[in-house]
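Next, two complexes with chain A in common: one pairs it with chain B, the other with chain C.
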Partner chain A sequence: MKKEHEEFIDSYQDKLSAAILEEVKQSVPADITKEKLHKIMDLTLDAYMLARVNAGECVGLVSAESIGEPGTQMTLNTFHFAGVSEMNVTTGLPRIIEIFDAQKEIKTPMMEVYLKASQNSLDNIKKFALKIKETLLGELVEEYALNIFEQTLRVVLNKALLKEYDLSTKELVKLFKTKSKGFTLDVEENQLIFVHKGKPEEIKELYNLKEKIRSVKIKGLKGIKQVLPVKRGEEYVCLTSGTNLKDVLEFAEVDAERTTCNDINEVYHVLGVEAARQAIINEVYKVIEAQGLNIDIRHIMLVADIMCATGVLKGITRYGVVSEKASVLARASFETPIKHLINAALEGEVDHLTSVVENVMINQPVPLGTGLPGLVTKMK
Partner chain B sequence: MADVYLNSRFIGSVEEIKSFVDDVKDLRRRGTLPEGLNVHYDLTAAEVHLFSDEGRARRPLIMVRDGKSLLTEKHIKQLEDSEITWLDLVRQGVIEYLDAGEEENALVAYREEELSKDHTHLEIAPGVILGLTTSLVPFGNYNQSSRLIIGSKNQKQALGFYAANYHLRMDMDANVLHYPHFPIVKTKIHEVVDYDEHPSGQNMIVAVMCYDGYNMEDGVILNKASVQKGLARSTYFRPVGAEELRYSGGLIDEISVPDKDVKGYRSEHDYRFLEGDGIIYPEAKLDEGDVIIGRTSPPRFLSSLDEYNLSTSVRRESSVSLKHGEHGIADFVVLTENEEGNKLVQVRLREERIPEIGDKFTSRHGQKGVTGILVPMEDIPFSTSGIVPDLIFTPHGISSRMTISHLIELIGAKVGALAGRFVDGTLFEGEKEADLRKELLGLGFREDGTEIFFDGRTGKQMLAKIYVGNMYYLRLRHMVANKMQARARGPIQLLTRQPTEGKAKEGGLRLGEMEKDTLIAHGASLLLKERFDADRIVVPVCEKSGLMGYYDFRKNGRSISPLYGENSDMSDIEVSYAFKLLLDEIRSLGLYAKLNLKNKY
Partner chain C sequence: MAFTTNHHQLVPKHTKLSEAEKAKLFEQYVVSIRDLPKILKTDPAVAKLSLKSGDIVKIERESKTAGVSFYYRGVIDG
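Coming up: the complex of A and B.
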């Protein structure tokens, strides 16, 4: 790009944002004529001015209405994966509420794990799927045999499954050393035999041991209950039910840039607040698209911005965003009014009546739209 | 081996299920076991259930033996000649009642032609799958079941001739239709329930077409001339009553024309219809506010002071009068006593209801609509033979609801009206559509039921042929006259000083939370303020303490601070009363809610 062109584009610095200028620079061909560039910049500026919002426009309320009204038309609360039992996804209104409330425990936590292009093959994805799936001992067991007289617990494992998971009983022994205190451990082909060390006192201990070893993780990542490798276009992707974003990203073959997780809180903790903001936008938009609705993405972006504005992920609940409101009356009008009023009294809070709700309450013009401009007079 | 349960309680076991069950049924049919006993067996679970308890829904079926119905021509003849009754048939084992369980083991044929060796029972009529009111929908077998349900629900709200002694009754909100008809398209059920004794609609000429936009969104258009000739006219009856209540101390209400010195006396004008006994005379035309029954009550609280009071106790006025927006004619007066022996006066009010814009009409197929306009006779479209419709129905009501029976009734009733006969539209057994069309053609009309129409206003022939015929239309009890209400100013609530809610209290229509949001979203800040001005008040606020003060009229109406008395600057502040109330309530919590005043400019 010619120097003079670049200078010309930069002359719009005080009118357009740096990101837009950068985009223009990137997309304009190097041999562009001066006239054409002028025209492009004029049109860009026009489009930018058109997209701007007037001062005093209630963007928040318009967003709320724009999301709320289509929300009333949402149907279907779950979505099922064909062919896979017990793999369904919350969508629709329940999912929207889940996201906007920034709930810690979501109903169907999921991940989409992408592999790096070099590693992407059917074999690899299958291996990877087995590697990350959380396997508990209970899944491999064919039979438990309790012998009360000898105080032994004999665990018979399924040979075929052992082979499939590429495990040997010897490896398992290491895992159980710490978990089975007070017992000695013997191995016999595909059997694990726990023998009580001390005097036989109670059968209860054997029972407890049985329950305990049943839920011992022997392979995979914690929390990943199911893995489903699917083909997306040319490449293979792992869909997981249950999440563990942090550990998944540590695998060398995983493409960390594209791997996502639908648990906003987990994204926030692992990748930070900007990632959480983008996750909110993506997840909400996914729901809206699936419902066949059409909501301008800027409304969702605004909500996501509000949730992340403090640098901490906050849900739109009385503990989250609403607790940040400056006005006592506004907070009291949302939920639990008496609690807010009493706390406000204890702290001697002052309500400056700067926002909408409190002005509606006391029947004063709201400081928005036509109520925003005031009269400035010169006092002598 | 199978377990046997009686009313879900284990009572023993049997070797052979089938023969045991057959024995039980046989004994029941012979009368050894009670008629109300039903038996159900399940071969896979090896269980036999006997039920004799109450609360089971049972239905009658005709018995079948060897593929032959046990109900013969002989029985029917005897029934017609009243030689035997239904009960005799049940006793003879021709008809049997099955419950849900025994039905599971039965094979029931819909029609006699379908009978085979395996069938155990025969349906009395194929239409019995529907209930009584739903069976009143003609040609119901052409519809979705949901439309039939809606159709039967609508019929329950129709005005009609509900009781022959209506003029002696004191029913609440009773409506009587003038000149009700028996439907031209009827079902067998209409005959069974003696529908001609209490019909509830009228046969109207219906055109399926548009007329400007007045029947859009489920509207109907009425012919003004038809209405003026008495179409769908009805009378509305409503009783009002007053009782002479007894109070402690031997005091009693008195029904009479109140004296002028009674507390709360209205104007003489309001009492003008009362006769000497304090009760209105029949046929008086009443308007809102007019007293129907004059009554006075003893004073509410008797203090010891009153006993020495010379002016005796002043009685309260407690007459019964017409409320806001009510009219009527005193129709009928009853003087009687109630259970406690108190004198009871009841007056029935009557009002003629002529169909008007906003009144609700429906056919019998769940096709309800609200009157959009009454078109004068001269503007109504007419056919080549000069036929004008009484009612114009919108074609858009059909496509989405798929009520084919509505269309067939129209053609059926047209045939019936032209041929001078009734048309049968019984569920599954009605006359065939093709036959009706053929007959219509024979009567000299187009086979498809359409006719050439002319616009009444221009006289020009319409481009489309109009589907026109007769239909049984019902007037529903939802009439604007009972519901219409508007308010600019009016009563307010005592606590909040906001307008009351509901028609009975002459209330306002609430501008709710979401409606408020739309005003904000438009930035119409000052409009919003004005809309919520209904409880606006001006209160004096003390600038020092931030508390609301009061005006002291002993001091020329000066405003006084509750903390500093006259030693503070007071400013008049305009807020909503609800907010003032909130501040008071916060203070009642023991919190000091202070208003910091600032200059507005």
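Coming up: the complex of A and C.
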């Protein structure tokens, strides 16, 4: 295509979206005349203007219906598959609710950790998986032996596991020095022996120590309970159950561009509002696609935009976006009406009846569509 | 090694608007900064831009429907 033609198409940048301009460029024949191209652009702009949403259209309501109706066909329960190697993930309606409510504790937090292309091999991914998995001492222990008379706690560790995790008892001693006050620590091949410094006749302190050291983290990242390396196409990917996005992105071998997690709140804290918005859209769309439903992505974009509009991630709950509404009646119509009305009365709140719900309540035309414009009279 | 959020695929490009661009934006869409969606000054994605409240951030989103779309957020303290 001639350069001047391309420039002419680009001059529509402010009026048409980038995707449309690209499509015009692709489909126009190379030897087109100037007049024809002008006509094409005029017609494209006309068609685009006609397709736009009218002022006063209730887009939120249309979105609510468009998401709500297919929602009735979604799986209501998450199923638990026994013995399936892939991890169990919340899907269907429970997952959608989880995302739109921006719940802090999600049922199945997961990460997809990608390695950099240069590091991507079976050996590396296995090593990496062991490196990030949160390992507690309790997992390595074969046997605990409590001796009341000598006041000792003998911890026998599994040799094979120690080797697999590449740990020595010496390293462990360092970890436990601070954790075991009032005890002296001895090492014997694959055993840790804690000896009480005093000579009390009770077993209680020994027992408490045993419980305490069991949950001491000796390796990996906090919160990552399970790591599953899988092959996706040509490369290896680590799926984790439990998330720790911030720490995992710090690793040199991790591809910090693509590694994501499914906890929207965590994405918000680590990567910001815009990333959270994109994550909401991706996660909701994933569920919808998995259920074989078809919802236009623009409806989800609208909901995601509303959740992120204040710069803080807010769920569609009475504590989130609904609490931002200016009208008392609108808030009261959502949940806990008495609480809202009493508080509003105490504070002497004024309702200007500028939005939809409150006008429906008092039987007035709602400010939507033809109800939106007001009349201005010229006074002489 | 410290990572920067700017390279993550979920994070679109954030840029600070100059005063001239701000005036043009307000005129084009007939809005004031109060009408725009907000972004916190402390947001990880804009940490490097050294913003103050009252600034405007332009965000270049990659959109499935529109190719590239522009979004504007007013900076607030928080």
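The rule is short, and it goes like this: the second predicted complex is superposed on the first by the 322 of 380 C-alpha atoms of A that agree within 3 Å, B and C clash if a C-alpha of one lies under 4 Å from a C-alpha of the other, contacts with A are read in each partner's own complex, and residues count from 1 in each chain.
Here is the rule we use: contacts are C-beta pairs under 8 Å (C-beta built on N, C-alpha and C of every residue); 3 or more make two chains touch, one makes a residue touch a chain.
Everything numeric in this text was worked out from a predicted model, so none of it was measured.
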Per the contact definition in the header, classify A:A279: touching chain B only (first), chain C only (second), both, or neither. second
Looking at A:G182, would you say it contacts chain B, chain C, both, or neither? Reply first, second, both or neither. neither
Once chain A of both complexes is superposed, is A:G311 in touch with chain B (first), chain C (second), both, or neither? second
In the superposed arrangement, which partner chain does A:G292 touch: chain B (first), chain C (second), both, or neither? neither
Would you sort A:V267 into first (chain B), second (chain C), both or neither based on which partner it touches? second
Name the residues of chain A shared by its contacts with chain B and its contacts with chain C. none
Complex interface listing, chain A residues touching chain B: 56-58, 61-62, 64-65, 338, 341-342, 345, 350, 356, 360-372, 374-375, 377
Of chain C, residues touching chain A in the complex: 1-3, 5, 7-12, 14, 37-40, 43-46, 59, 61, 63-69, 71, 73, 76, 78
Which stretch or stretches of chain A touch chain C in the complex? 17-22, 249-252, 256-258, 260, 267, 269-275, 278-279, 282, 297-298, 301, 305, 308-312
Where on chain B is chain A touching in the complex? 516-518, 520-526, 528-529, 532-533, 535-536, 574-576, 578-579, 582, 586, 589, 591-593, 596, 601
